[in-house]
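Take a look at the structures below.
There are two complexes below, and they share chain A, which is joined by chain B in the first and by chain C in the second.
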Partner chain A sequence: MTSATARIGAGPAVRRPRRRRRLVAWLFIAPLAIVNLLVIGGPGLSSLLFSFTDWDGLGQANFVGIDNYVELFQSPNVLAAIWHNLLWTLFFLIVPISMALLGAFLLSRLRRGQVLFRTLYFIPYVLATIVSATVWRQILSPDAGIGAALANLGFDGLAGVNFLGDPSLALGSVAFVNNWQWWGFLLVLFLAAMQGVNPALYEAARLDGANAWREFWHITLPGIRPTLMFLVLMTVIWSFLVFDYVYILTQGGPAGSSDVLATVLYRTAFSEQRAGYASAMAMLLSSISAVVVAGYLILRKKLDWDV
Partner chain B sequence: MHQKSKRWGAAVALIAAGGLLAGCASSGSSGDVTYWSAFVSKDTERYYQEHYVDAFNEQSDDAKVKMEVKQLQNLGSLTDTAVSAGRGADVVYSAGPSSALGFASAKRIDALDDYAAEYGWADKLQPWAYQASQVDGTLYSVPVEYGSIVMYYNPGVFEEHGWTVPTTLAEFEKVATEAQAAGMMPVGAGNSGYQAQSEWYLSAFLNMAVGPEKLYQALTGEAKFTDPEFVDAITLFQQQIDKKWWGGGKDRWFTNTDTDLFTGLADGTVAMYITGTWSFGDAGRYFGEAAGNDAEWDWAPLPSLSDDVAPGVYPMAIGTSLSVNSASKQADAAAEYIDFVIDDPARSYDYLAATGQNPPPLSDLASMPDTVDERSARLYTEAPESGNLGYASWTFFPAATDTYLWSEFDKIITGDLTPQAYLEGLQKVFDGELAAGKVITPFEPVPGA
Partner chain C sequence: MIRVQTDTLTAPAASRRAARAAARPPRRAGFRPDHRPRRPFSVLILVVLAFYATGPLAVFVFNSLKSPAEISRSPIGLPSEWRWENFATAFEDANMGQGLLNSAIIAVSTALGVCVIASMAAYAMTRLDLPGKSAWILYILVSTSVPIQLFLVPLLSWWSTLGLYNTQFGLIVIYWAVYSPFATMLLRSFLLTIPKEYEEAARLDGAGEWRLFTRVMVPMIWPGMLTVALVAGLQAYNEFLLAVTFIQDSQLLPVSLSLYSFQQSYAVDWSLVSAAGLIMAAPVIVVFLLLQRRFIEGYTQGGLAN
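And now, the complex of A and B:
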């Protein structure tokens, strides 16, 4: 009875601060939640609705069922763009991440000059995309770019190579330029993560006779796994959203050889004025990102990852 | 006191928020007529502000125009977004009658027939432009800038090689063959930096090889883009590109820029350049003293590339049309300003003389002052008088058809698409837009002009 009375008596007193704390937490979250609801939820929902219409961006939107989605998966241009996005993803999962991991590991072993290199590698990332893309367009020009300059010096291996104007080279060339800006950013993130790995582990490994490769494989990689996995996830998502470099350098050409979903979407919405069909493409892009995130969450749960 | 200050704070925040929202609705005061525009240079903007906006405001007792300058690249998309949301400026910009048709179909712009009658626009404008600006017989936009596609050439280079300006397919092929033999690019072409640039050449080629009459039939649904005339034209174009006559072929097409081609015309590495008359204003940058050479440029109307097409066709293009926003509370004043823009031929031609900006398609051709560059004056008098008027794709083709025209044409250049397949795709897209009422009624061509 006494304890029950005490419990009953103590209940509201305990619950009140907890409720207040919860209320305060909600108050903190509320502005962001409202903004998200307005700027993401609202347009997202309207895009979903418009994706089932023939809306031209101005007039009346007529319901067309799943026609836009059927057209989407029958369009050679859209399918080609998806393929280019997949190639882009593969490139960015391998090249910049490998370069950044290697660079960060080597830099982490430097005792002097690390800040200098870190800054140098990071500089491209802070340049405006339009600036770096314009500079690279000049560098890759067959008339005034690196090929012509080398040819003047007697090295004509790249003479006349039309990096952005040759359909077989355009996508790779744009990816190369984007990587030039991107990998330094990854390097800085990996380096920061590596500096959080317990140094005692490296000392113990060296005492056991481990070489640099073994240190990297058995200590560094597991040590930065949360960062690595997060960046892999984001790389996949960003690779499907890529737009700026492609649009500035090639606009998806020549002959659609560097088209990605975002450039096709842009052209469809603003040039063809088919906002309904473009909304279906946007839904496809969002779905891809959602599937990637869901897959990641499932894997994380199954493998019991600590990120 | 504490509660009081809180209340004051809330009141100030509310007023600020209200002000912000009001700012979104209109950036001018309640009596202003708002107008969004964009210019190729600051000098042109200053000239327009002084001679149009300020001049209108001085002579108007009640209406005042407030111009907001946007970026040239996104004026169209900004306007589309705002107007589709029932906002935007009182005087609505559109990139020609096809764009205005979208606004008209969505009832975002007002019918202008009453204003047209009041201000006599049918008399002030050239008939083809007035007709093209109507939707089902109702005027919805007023064309305020027009131009065409012509053949630029360097008279010194032509004289040096003993060429005359080609007017027929045989003459065109002769110049192209000889130019190529001389190591030149026979016809400038390319789309680096602006993918849709291909349609400048494609529009020209269709007008030269298919002709206005057949194009008119296709645009009105009487003929198909898959008809033999179109297939033959695209096949001929593809063959000429394969011969590296246009832009140096597929190896160079995607690398050449407009600047490269004008530079080539000036230094004698490009023999002919077929492009829009919007370049009249800045072609001087590449020629003569300004460019450090003694080269000159001139233009000629397009040659005929078919026995069925009369030489000297001018594909007509309306670059800018103005309409009255249906959400405007200043509709009468907006229409008054639109009339001001086209009312005085001398003002329009002075603007052309001072800045090189395309004038409105005015029926008054006699007021062209001597201060206008002779080449511009020749264009704006000869083209309307010739009657041999064709159709620029970006003015007369609906949006999706036009986009297909230039985006898929890349595949004709690379050889990934046959002319037949390309035109079947074009017809399919056009059929959809024609059925949806998205095609403007083109002006009727003059037979055999």
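And now, the complex of A and C:
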């Protein structure tokens, strides 16, 4: 609109430079646009189309309507996986967030050694998933892990416990390992947010004789609310996308006891060659993210939060 | 969406705290002279948490130096005899040399490509006459939060058709696409802080846009570029899902997959598996300790934008 009026007003003398400027702008954004459409945009859209077909990933795809979606919500595997994702979400909303809030609050009041502690807490986060999985596979193994070590000291309550191989423990053990790598990252984010809280508020609270708990509850928590809310919502999204740890540590087993949506999707697509059905699962996963992101954006706009 | 307070992160917290304390007026006599009393209980909790974070790593290092027999005798604790030869054996058996070389190629190419793609896009979005700027920003924000599983299955078939499946270049292109949206937003925020006078002076001297971009803008956003390169390179080095899906040939495997397959086959020899894991982790830990401030800054922003 503005370009049209400008063109009429400015006359032919300016037309070529303006067109040229546009061209230059397009050339500068072209690399991003091309790789993005090629890798994310194009395949993402074709996932939507394939979710209505019986595509096997290689050959011809036939339109099957909403059959894949009907099957999705009737499959016991998928429903069990969704349940595991919900348990996973609950675990990650409670355990790492409380540990990180506690650690960050105590650290923010420390006079010396902040940088040292922050570095130590952050180290697990920079390790690859495969490395931290390696660390913990050994510690959790029944023959050469923590159970055997405690048995050597005379405490054999955990001896022979197969944390990753017992159907009732597998999911929790994988979540425990993922939390080890994850919570330090949250702590660093919370610490940064806490350092942005106005120190005068703490001064005032101390003059009123507030103890540490009241300071945390009435000043720190409200002060970091935007960061906290953002991470709570991101925790929900990430909990539904979790893949690496489950795939590496248990492959979803034993007997599907630690299967999550992403591992079921991966198996469906690449072992069972049911790419159309897997695409329907991908749409379910993406719509969960989309709903959470939309909810977050609406909340932010309505309540005028600054994140 | 990604505005973390980086200034508070990068500035040494202790010195700022000291400055704050110095700026405070002296207290009246008799009123709690020590404003921040020592808190032995808090320190104890912090130490326990630090032990939780690093203790397992210590076990990992100890085990990489033991013999398998000693691990089953004493799974946790110092090795009685330090078997450094484990590292040479693991390096050989797990084909770590090839893996590290492949990973280095992938990580460096990813970092360079993301820097080029993201800085050019950020320049177009902040300085050039690009139509629909806000639509671009929205598209980029959406593509940073799209789950990989959404496009994984069709992408595999596209990549097979294009001959990019099972090639390092194919994997690198995927990393470019996946990591550059966030990098673009980060560099965009850097560019927004640079006054326009710099480029106007260069424009008056008759410099073209490309020259302006490479000679004036890139040097000014250099710290941002380093952060972007570091985060993208490390993410590519650590990445698992895309690598395991798109690379099959054992000569092309990045080190994460060398370690993965070694672990699958040698599930019982914990000393060699630990040694191989440490070989993969060592470069990352060293780089992190050397550049930790830039790392934490980049990663905290990167994580939030994921």
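Assume the second predicted complex is superposed on the first by the 258 of 307 C-alpha atoms of A that agree within 3 Å, B and C clash if a C-alpha of one lies under 4 Å from a C-alpha of the other, contacts with A are read in each partner's own complex, and residues count from 1 in each chain.
Everything below uses one rule, namely that a residue touches a chain if its C-beta (ideal position, glycine included) is under 8 Å from a C-beta of that chain, and two chains touch if they have at least 3 such contacts.
Since the structure is predicted, the reported quantities are computational estimates derived from the model, not experimental observations.
So in the superposed three-chain picture, is A:Phe243 touching just chain B, just chain C, both, or none of them (first/second/both/neither)?
Only chain C is touched by A:Phe243; chain B is not.
Would you check which partner chain A:Pro43 touches, where first means chain B only, second means chain C only, and both and neither mean what they say?
Only chain C; A:Pro43 stays clear of chain B.
Now for A:Phe270: first (chain B), second (chain C), both, or neither, which partner does it touch?
Both: A:Phe270 reaches chain B and chain C.
Looking at A:Asp143, would you say it contacts chain B, chain C, both, or neither? Reply first, second, both or neither.
Both chain B and chain C are touched by A:Asp143.
Going by the touch definition up top, name the partner, chain B or chain C, that contacts more of chain A.
C
Return first, second, both or neither, reflecting whether A:Leu58 touches chain B, chain C, both chains, or no partner chain.
So A:Leu58 meets both chain B and chain C here.
Counting only touches as set out at the top, which of chain B and chain C does A:Ser75 meet: first, second, both, neither?
In the superposed model, A:Ser75 contacts neither chain B nor chain C.
Find the residues of chain A that appear in the contact set with chain B and again in the contact set with chain C.
Shared contact residues on chain A: 57-58, 141, 143, 270.
In the complex, go through chain C and note every residue touching chain A.
Spelled out, the residues of chain C in touch with chain A are 1, 3-6, 8-9, 12-14, 17, 20, 32, 35-36, 39, 42-43, 45-46, 49-50, 52-54, 56-57, 59-60, 63, 71-72, 74-77, 116-118, 120-121, 123-125, 128-131, 136, 139-140, 143, 145-158, 173-174, 176-178, 180-181, 184, 209, 213, 234, 237-241, 245, 256, 259-260, 263, 270, 273-274, 276-277, 280-281, 284-285, 288-289, 292, 295-296, 299-300, 303-304, 306.
For chain A, which residues are in contact with chain B within the complex?
54, 56-60, 141-143, 162, 164-167, 251-256, 267, 270-274
Touching residues of chain B toward chain A in the complex: what are they?
The touching residues are 77, 80, 83-84, 102-103, 105-108, 191-192, 194-196, 250-255, 260, 399-400, 402-404, 407, 410-411, 413-414, 416, 436, 438.
Which chain A residues qualify as touching chain C in the complex?
3, 18, 21-22, 24-26, 28-29, 31-33, 35-36, 38-44, 46-47, 50, 57-58, 99, 102-103, 106-107, 109-112, 114-115, 117-131, 134-139, 141, 143-146, 148-149, 152, 180, 184-185, 188-189, 192-193, 195-196, 199, 206, 227, 230, 234, 237-238, 241, 243-244, 247-248, 262, 265-266, 269-270, 275, 278-279, 281-283, 285-286, 289, 293, 307
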